[in-house]
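Alright, structures below, take your time with them.
Two complexes, one shared chain (chain A), two partners (chain B, chain C).
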Partner chain A sequence: MSLAAVRRAVWDGSIPCRIDLDPSECRSLEGIDPYFITIPRISYLPIIIPKVYRFFEPHLKDTARAQQNSAWFEFENVPLKWHWPVGVLFDQTTGRDPSHLRHSRIADEDDDVKLPWSLSLRFQNFPTKHLMRLDLPNACHDAWKNTVKEADHVRNGNPNTFMSLSRGDSASLWEAICTHDFEIFWGINEKLLNPPSGPIKFIPCRIYIPSSTRVIQAPCPPYITSSDRDPQTLGLFLHNQLPQLFPSRRSPMIARPVVHGAIVPWTAPVLELAQAAVHADGFLHITIAMVQ
Partner chain B sequence: MSSSPPTDPSTPQIPSAPSPQLPIAMSTSALLTNLSSEATRALAAVANPTPQKVTVKFRALTSAPALAKDTYKIKTTQRFENVVKFLRDQLDLGDGQGLYTYIGWSFIPALDESVQGLWECFKDGNGILVVCYSLQSAFG
Partner chain C sequence: MALPQFPALSPGDFANCAHAFAEHQEWVQKCLPDTRILQFRVRRMETVLGHNECGVTQFGGPNSWSTTDESPEQEVYLAMVSYGNQHNGKRPHTTKGDDSDILPHHHQEYSPDCEDDNDNDNDALPPPHKLPPPAPKSKTPMPQEIHIFRSPNYKVPVVYFRYSSDLATPDYLDVVSQAEHPLTGEIWWFIHPCNTLKAMEVMEAMVLGNLQPEEPLTTGQRAVEARYMLAWWGLVKDAVIGPLHQ
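Right after this comes the complex of A and B.
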């Protein structure tokens, strides 16, 4: 599979969702239809809020209070962080081990997680302890942009590559996420991933610890020696960062790395992986499935 | 993981606040009950790391008031939110007053980012995490 094909497959990855209005927000006791939507893994929940809001608006108990910027989503009573990519939220909250799927003829047969992913839409009691305030319309864009700058800074030791994008390019990059336009997004993102200033210093990575709020962000050098000959592999990086969860350098024993909902080869060079599977915020997000 | 340089014992510490623990989704907790004891122990260990202390230095940008004391220790397990809260207190800012806190002279971290991750990636040559702040937006 070519790099372009993997990027396309990652871009097309999506989560079928069922969204129900929480009963505490409904004006009548009668059942309200759920809203079904397929959300790209690389996208963000606030992007769908206007659509979802319009759908449920006639049923809201108190539209004066239940505004779009007080909307929040919950999965099994867990508030979902709106500034994390949807795919990361799904993988992290379901803890699903995708390796089960390999042996199943029907995709859903052995899956631990029932699809669609069932979310509740809520407005009251915005969980300020867990979620940042959502000042629409710009909050999500601003959070994303700051993460892109952060990734750029990790990559090059300074944020100049992103800062030197034209205002138009920077706006189009976000627009392409909202409209899910692969060509426009990658036309610009390529400039960030492979900057003219030369080879990158570190690969921006985040590792999510299962059933915990802990996220590890550590500079990941692309090569393990200064000679640029031995690429950093995912397995080695994880073993160095989290020796308890990844006690062996050779293979995963008690936990497996998951990227975009797929098990990734232990020996995959992180640099190559990031070129193909980077999220729209410039980071390689790695969730972890515990071996059952 | 790089180790933290020794901090000056006279440097005051930013008070620690407990990090809010998100509830665990039923789907995830069901999976965790089937783990080997080795895996359960490993998971508990990585979820609750031993904090180190690192140094942060506040730097006023543009017309923001400077702090009389600008260097502090903080535990790596703290969230960036507590850095911002502490700074707001020191500057005696009201609820409605804007404060922009930048790392690396460029980006505003999310409030739930850990001090550990920011320090690992953005500490300077002396092992200090510099936090610039401004009362107006300073970088586009």
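Right after this comes the complex of A and C.
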């Protein structure tokens, strides 16, 4: 598969969702239809809030209090961090182990996670301890932009590649995420991943600890030695970062790395993996499934 | 040579700077116009995994570097343990037990009244500035907790803070924003490190260089580390605890 084809497959990855309005928000106790929507893995929850809000607005008990900027989503009593990409939220909160799917031709049969992903929409009691505020202007756009700058900094030691994008390019990049336009997005993102300043210093990575909200910020050196001969592999990188979860250099034993809901080969070079599977914010997000 | 990657800090550099900051708080408060004494302790980054199935319940994750220059280190962070005027130290509620505190190198309970130790490096510290006249009372709320971590991505200190009340908002929303706490994932306020990194570059002479002709030619490593934290804290302090408080 060519690099472009892998990027396209990553871009097309999505999570089928079912959203129910929490009963405490409903004007009447009569059954309200759920809202079904497929959300791209690389997208963010606030992007779909306007659509979801319009759907449920006639049924809201108190529209003065229940505004778009106080909307939040919950899965099995866990508030969903809206600044994480949707695919990461799904993989991390469900802890789904995609290796189970290898042995079944019909994906649904062996999948231990029920689809569609069932979420609850709430407005009251916004969990300020766990979620960043959405009522600050451009909250989602700014959160994404800060992350892109951070990724740029990790790669180059400065955020100049992103800062030197034209205003048009910078706006188009975010717009392309909102409208889910692959061509426009990658037309610009290519410049960020391949900066003119030279080979990248570190690969921006985030590792998600299962059953917790702990995120490890882990800049990954692209090569093992300074001679640029031996590419850093995912397995070696994880073994060094989290030896208790990845005790062996040779293979995953108690935990498996998951990227975009798929098992990644232990020996995959992180640099190539990042080129193909980077998220829209410039980071390689790695969730972890515990071996059952 | 102290702080070879200035303004970036390796995990080991940051640990040393953290100790220097905790040990020289009185000098820091005097150099920056403020009558408040904050006390910080250095703590280890222990983490509970919380996943029972695999039997692993705890780990201290090193942020290891694969090049030969760096070795995996037990990472640390700074936690404010009390604040107040010189004789009126309040002890705020802290998130972690005191077991993970690391005592300062001279193995004494840090107290604002105790004399500086006989560390020769003190000779290289710049003299405290004269205090300006008292300013009107600051309206910036005082955070209940202040934690200082090293940013793995920016390699500089980052300050996280939060208030006792969910309703309190910081003043300087152009530089203060929200972020996930590196250990708990909870939402705290923080000062984005991209702002401080550039500003620190300008401070190179102040931090690394000799300050006065009377000083010995070789500045002590601990003095350099203390000066780094002084320069950095001076950049972020007003946005965290507000300007001079009466």
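Observations on the model:
In this text, the second predicted complex is superposed on the first by the 290 of 292 C-alpha atoms of A that agree within 3 Å, B and C clash if a C-alpha of one lies under 4 Å from a C-alpha of the other, contacts with A are read in each partner's own complex, and residues count from 1 in each chain.
Note that contacts are C-beta pairs under 8 Å (C-beta built on N, C-alpha and C of every residue); 3 or more make two chains touch, one makes a residue touch a chain.
Model, not experiment: these values are computed from the prediction.
For the composite obtained by overlaying on chain A, chain B and chain C cannot both be accommodated without a clash. Of the two partner chains placed by the overlay, neither chain B nor chain C lies in contact with A:Ser43.
In the overlay built on the shared chain, the residue A:Thr93 is in contact with chain B alone; chain C does not reach it. In the overlay built on the shared chain, the residue A:Phe75 is in contact with chain B alone; chain C does not reach it. In the overlay built on the shared chain, the residue A:Pro210 is in contact with chain B and with chain C.
Residue contacts after overlaying the shared chain place A:Gln244 against chain B and chain C alike. Once the two complexes are overlaid on the shared chain, A:Ser14 sits clear of chain B and of chain C alike.
Of the two partner chains placed by the overlay, chain B and chain C both lie in contact with A:Ile254. In the superposed pair of complexes, A:Asn189 makes contact with neither chain B nor chain C.
In the superposed model, A:Leu136 makes contact with chain C only, not with chain B.
Within chain A, the residues touching chain B in one complex and chain C in the other are 81, 129-130, 132, 142, 146, 149-150, 153-154, 159, 209-219, 240-242, 244-245, 254-255, 290-291. Contact residues of chain A toward chain B in the complex are 75-79, 81, 83, 93-97, 112-113, 129-130, 132, 142-143, 146-147, 149-150, 153-154, 158-159, 163, 202, 206, 209-219, 240-242, 244-245, 247, 254-255, 290-292. Residues of chain A that touch chain C in their complex: 81, 128-133, 136, 142, 146, 149-150, 153-154, 159, 204, 209-219, 221, 224-226, 232, 236-237, 240-245, 254-255, 290-291. Chain contact summary for the complex, chain C toward chain A: residues 47, 49-51, 53-54, 56, 59, 61-68, 72, 151-154, 166, 173, 177-180, 182-187, 192, 194.
Of all residues in chain B, only 1, 19-32, 34-36, 38-39, 41-43, 45-47, 49, 103-114, 116-118, 120-122, 140 touch chain A in the complex they form.
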